[in-house]
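There are two complexes below, and they share chain A, which is joined by chain B in the first and by chain C in the second.
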Partner chain A sequence: MRRGAFHRGLTLFWWVVMAFLYLPLAVIVFYSFNAANSSAYFAGFSLRWYDKLIHNDQLLSALSNTLVLGIASSTLALGIGTLIGYGMYRHRARKLGWLIVLIYLPIVMPDIVFGISEMAFFISIDRQFGILGPSLLTMIIAHVTFQIPFVALIVYSRFVGLDPTLFEAAKDLYASPFQRARFFLLPTLKPSLIAAFFLSFTLSVDDFVISFFNAGPENATLPIYIWGAIRRGVSPEINAIATLMIGAVLIAALLSLMFNRHKQH
Partner chain B sequence: MSKPESPYPLAAHSRSLSPDTRHLLWSVAPGVIWIVVFLVLPSLYLIGVAFMTNGPYGQPQMPLTLDAFSQLAGFGFLGWSPGNLYTLLRSLWQTLLATGLVILVAYPLAYRISISREKWRALMLLAVVVPSWTNQVIRAFGWMNLLSPGTPLAELAQFFGLIGPNMGLYPSNFAVTLGLIYNFLPFMVLPLYAAFEKLDYALVEAARDLYASPLRAFWLAVFPQTLPGLLAGTVLVSIPAFGMYVVPELLGGGRAMMLGNLVASQFAGGSNWPLGAAGALIMLLATFGGLFAMRRIGKRLSGGEEVVI
Partner chain C sequence: MTVSPSAEPDAVDTQRVRDASAIALRNLHKRFGRDAVALDGVDLDIHAGEFFTLLGPSGCGKTTLLRILAGLEAPNEGSLTIGGKDVTTTPPHLRSVNTVFQSYALFPHLSVHDNIAFGLRMKGVAAAERERRVQEIADFIKLGALMERRVNQLSGGQRQRVALARALVCEPDVLLLDEPLSALDAGLRNQLQVELQRTQKRLGMTFVFVTHDQEEAMVMSDRIAVLDGGVIQQVGPPQTVYEHPINAFVARFMGHVNLFEIDSVSGDRVTTALGQLRLEQPLAEHERHGMLLIRQEVIELGPEVPEGYNALEGVVRERLYRGSRVEYRLEVDGVVLLATASNLGQRLHAVGDRVTVSICPEDIVRLDA
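Then we have the complex of A and B:
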């Protein structure tokens, strides 16, 4: 009997935590459909804030900045990171401690230190040589820096999961290095390359701090735009754009769930 | 020019290297150079700035000095004031408090997930993680909505006399703690769940057979088995919490500032780069010190085995 009560208590606790986790997001979604000008009361369902979004040029340019930054940085990081992952695997018998430390560095570095050290560095270079002032370019550089490790680790773990004799087999069949890359490496790596690209892209879109400190005045991304809007004074429009971003996350969660189900069967 | 990526001093003479080594260098060179140029050098530069003199426009100048650190300790033109020191201590306290509370919430939660039917577990884990996939600015904004004056939570707090009339629960230290817990809960649940999933219940039964009370059985048979997960979670929560910028900035305000905000303000508004860099150096030392300590403890826990966190 006591065990039952303990179990029920845990279940109740679970739902309380769920409320804690989802309430802040639910409130945003709720008020994004509010006809009133304020979050203080609800004046009926309306899509007016979404309508405003479409006509907000600053917001649309923030969206395009976010996409350009995400795609450009993920593509670069995919190339560079895949090479590292491959090198780590091929030479795993060596002592690569220095390489591992270097690869973990961007992951463990607090993002405020990461962002500010790059900002200070780029500004100093800009003062000296007139290049690398805060711009989309510096943001892309910064993003690639934190994406490389994730790509490298994903690709490396895929290689480790492979049967090492496959490499020998490809060689035994007299495949040239190019053919080995084209017909063996690329197809086997494809799922992890796609996963790595999407993870990089997600990290890029999700990042605020590092972008914030490396952005020029014209390079606001969506999170930076939202930040600015909050600082200027809360407008119901933020609820609408935040709702869209929450929706994108929920869709991603659904996809990942379906993908995992698919893999299990 | 020497190649920064090579630990071997002979790397410059690439002809003397074996084809194997050359292959390694070629494949990892772009990434290694990238990380060295765009992260290691900037960090070294920042560390250097911490020891420089603050120039008239907030730009670092020679000569080298320890001024920034004495300013961090509170010594300024106007004598000693504890502002910066408070900020440091507050960051430490908020980190400890949030990590402790996250453990208290995550421990039963992870256990509850691990005893669910197998088909539900993945879904439950996903439910815990999904909110952290949204942008942290949006998450903080959500809490601003919930804690501002006039909301049910704020009115409840007023009813109990915790805050004055027409006040909100934010900006405050309380809101910062809440925001930190909200941000980092999944980082504790995941490693703890991994530990609970592997839990060997035979030990618990053995303890019960030997007439251990439930509490004693938990302490002797369950808790030690979850310790590695707890340790990993503590690293994953406390290190980013100590460097948190967004949450104290949006939910805290001036009197709930943390080290990250102090650092940022010295580069943006305050314009005292050396002071900001000194704060960043403290943060780096805390990060690597924490990682190193956890590694040592982790090694001892697993009997000398290497643990990759």
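Then we have the complex of A and C:
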């Protein structure tokens, strides 16, 4: 029965890994409903921290910054990334080796390198021309930069999965170049575009490092706000924010997954 | 032109269609990259209202030729006119030509109905007229119950029908079909061969069909062009191409195996590996080289030799029983000869039997090597 023991061992290992991943999140969600002033003990169920949240102006402005940044950058990245993905597909027959590497590179680049180099770049432009000082705009540009590869690769993989004769069928059935984009490419891509948008949005909301280096004093996002607040100690209010963020990211990620799945059937 | 099966096409209309759909290819050359020659000087006239088949092995250039007709590929040299109009450089969406693709290429994001309506929608046909024509073609191809289905819910044969309807509804001058039956199983293929041929006859539309299956080509076509190496080897009605192939390639591709090189000629007597054979007429000077073809089905096996026939002695080496007919692999003078006999209830020869082979001089065809 060694085999049975081995399988029980694997099952146990699985649950240990799951606990490591999700227990901290569960603890935060649990304590966000704690009536006590500290996470040291539980003093009964309460929504007081959520109540405090919605009266915290600093936090609300951080939330609105996060949403503006997320929506604006995801929208821009969607447009640019889609064009790149289509270009990669159209010219896939050519040897694009190094170009593909350039597309992949931002995905594996450490955020800190990305964040610092963008900051240095924006500051030097600001010195020279007096534009692109740290602001919401620089943050949007920085986010678009790291979102583009994800969008491009999602769109590219959708095209690669299509029967290439579909493009010819559209031409054959009298569709002009504009009509091919409007009635064939866009509808075919729609699920992938929605998935790419939600993935970009999730990445943007999630990002701390790159935002931190490129934010102006007025542009704190939720992660930046939380980081600042934590330096003064973990307040139960942070637990409440974290719980809301977990919920939001979970929903966006599920939507992304759902649309990416849907396209394959 | 109308797709209604009952309506008699009126004379003027038919004439217009006829003029609009004749195809002329002149000196077409197509190369891919530096060395790969797909078409090497093709001259071809396809008549209006004809079921025309491009037949050849893979890589012979038949698909390239079809793609040039569709406008999906541009020739390096030469010209293409449809209905007297030069369309060599016209992009596909401006040509009155539609294609049934090998993979069918139905749009996965659209229903069957919307797939069929796609071409008319792109052409800007008004909604009411569009609806009427889609309905008409759906009745004609018998798609009624499938119209609201999604494409991925269809079987292979249903997809083939939808692809055909999607192309036909546009009422093109020319319909191109790129091996549309090759993905289907044998029974369905035979059924659709007949349906396609009937459809073409009813509509009087010019069909250009590509296949590598010589039987399919013979069943459906008015005329066949056999291609090899980017060159047209022979053009003609199925019976001519089958019974009088112009060279050994065409003969082998049409399924013939009994080909014998001509060794020497004296009057109407020709010597080959099979022995001396008498032909119906002496060969002309320029015909005294090349090959003789003896079709499997013209060979008679039996004790008595009809008057004037060539007689050879052979041994049965193999017998394939195919129900309606029986195939024998014979050995004559150390040379293999295949013979097919209709199964009329006669006594079958067994392996090892000595048989007398009779061949009518009329049935021996000379062709180029």
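Please note the rule applied: the second predicted complex is superposed on the first by the 247 of 265 C-alpha atoms of A that agree within 3 Å, B and C clash if a C-alpha of one lies under 4 Å from a C-alpha of the other, contacts with A are read in each partner's own complex, and residues count from 1 in each chain.
Heads up, the rule we're going with is that contacts are C-beta pairs under 8 Å (C-beta built on N, C-alpha and C of every residue); 3 or more make two chains touch, one makes a residue touch a chain.
It should be emphasised that the depicted structure is a prediction, and the values quoted were computed from it without experimental measurement.
Peer 1: Have a look at where A:17 lands relative to chain B and chain C in the superposition and call it first, second, both or neither.
Peer 2: In the superposition, A:17 touches chain B alone.
Peer 1: Which partner does A:33 contact after superposing on A: first (chain B), second (chain C), both, neither?
Peer 2: A:33: touches no partner chain.
Peer 1: So in the superposed three-chain picture, is A:230 touching just chain B, just chain C, both, or none of them (first/second/both/neither)?
Peer 2: Touch status of A:230: first partner only.
Peer 1: Between chain C and chain B, which one touches more residues of chain A when both complexes sit on the common chain A?
Peer 2: B
Peer 1: Is A:118 touching anything from chain B or chain C once the two structures are fitted on A? First, second, both or neither.
Peer 2: first
Peer 1: When the two structures are overlaid on chain A, which partner does A:184 contact: first (chain B), second (chain C), both, or neither?
Peer 2: In the superposition, A:184 contacts chain C only.
Peer 1: Is there a shared patch on chain A that both chain B and chain C touch, and which residues make it up?
Peer 2: none
Peer 1: Considering only the defined contacts, which chain A positions touch chain C in the complex?
Peer 2: That would be residues 163, 165-166, 168-176, 179, 183-184, 187-188, 190, 265 of chain A.
Peer 1: For chain A, which residues count as touching chain B in their complex?
Peer 2: 7, 10-11, 13-14, 17-18, 20-25, 27-28, 31, 39-40, 79-81, 83-84, 86-88, 90-91, 94, 98-99, 102-103, 105-106, 108-114, 116-122, 124, 141-142, 144-145, 148, 152, 202, 205-206, 208-209, 213, 222-223, 226-227, 230, 234, 238, 242, 245-246, 249-250, 252-253, 256-257, 260
Peer 1: Within their complex, state which residues of chain C touch chain A.
Peer 2: Going by the criterion above, the answer is residues 70-72, 91-94, 97-99, 101-103, 105-110, 118-119, 121-123, 152, 166, 170.
Peer 1: Of all residues in chain B, which touch chain A in the complex?
Peer 2: Contact set of chain B toward chain A: 7, 20, 23-24, 26-28, 30-32, 34-36, 38-43, 45-46, 49, 105, 108-109, 111-112, 115, 122-124, 126-128, 130-131, 133-139, 141-146, 148, 150, 182, 185, 239-240, 242-246, 250, 260, 263-264, 267, 273, 276-277, 280, 283-284, 287-288, 291.
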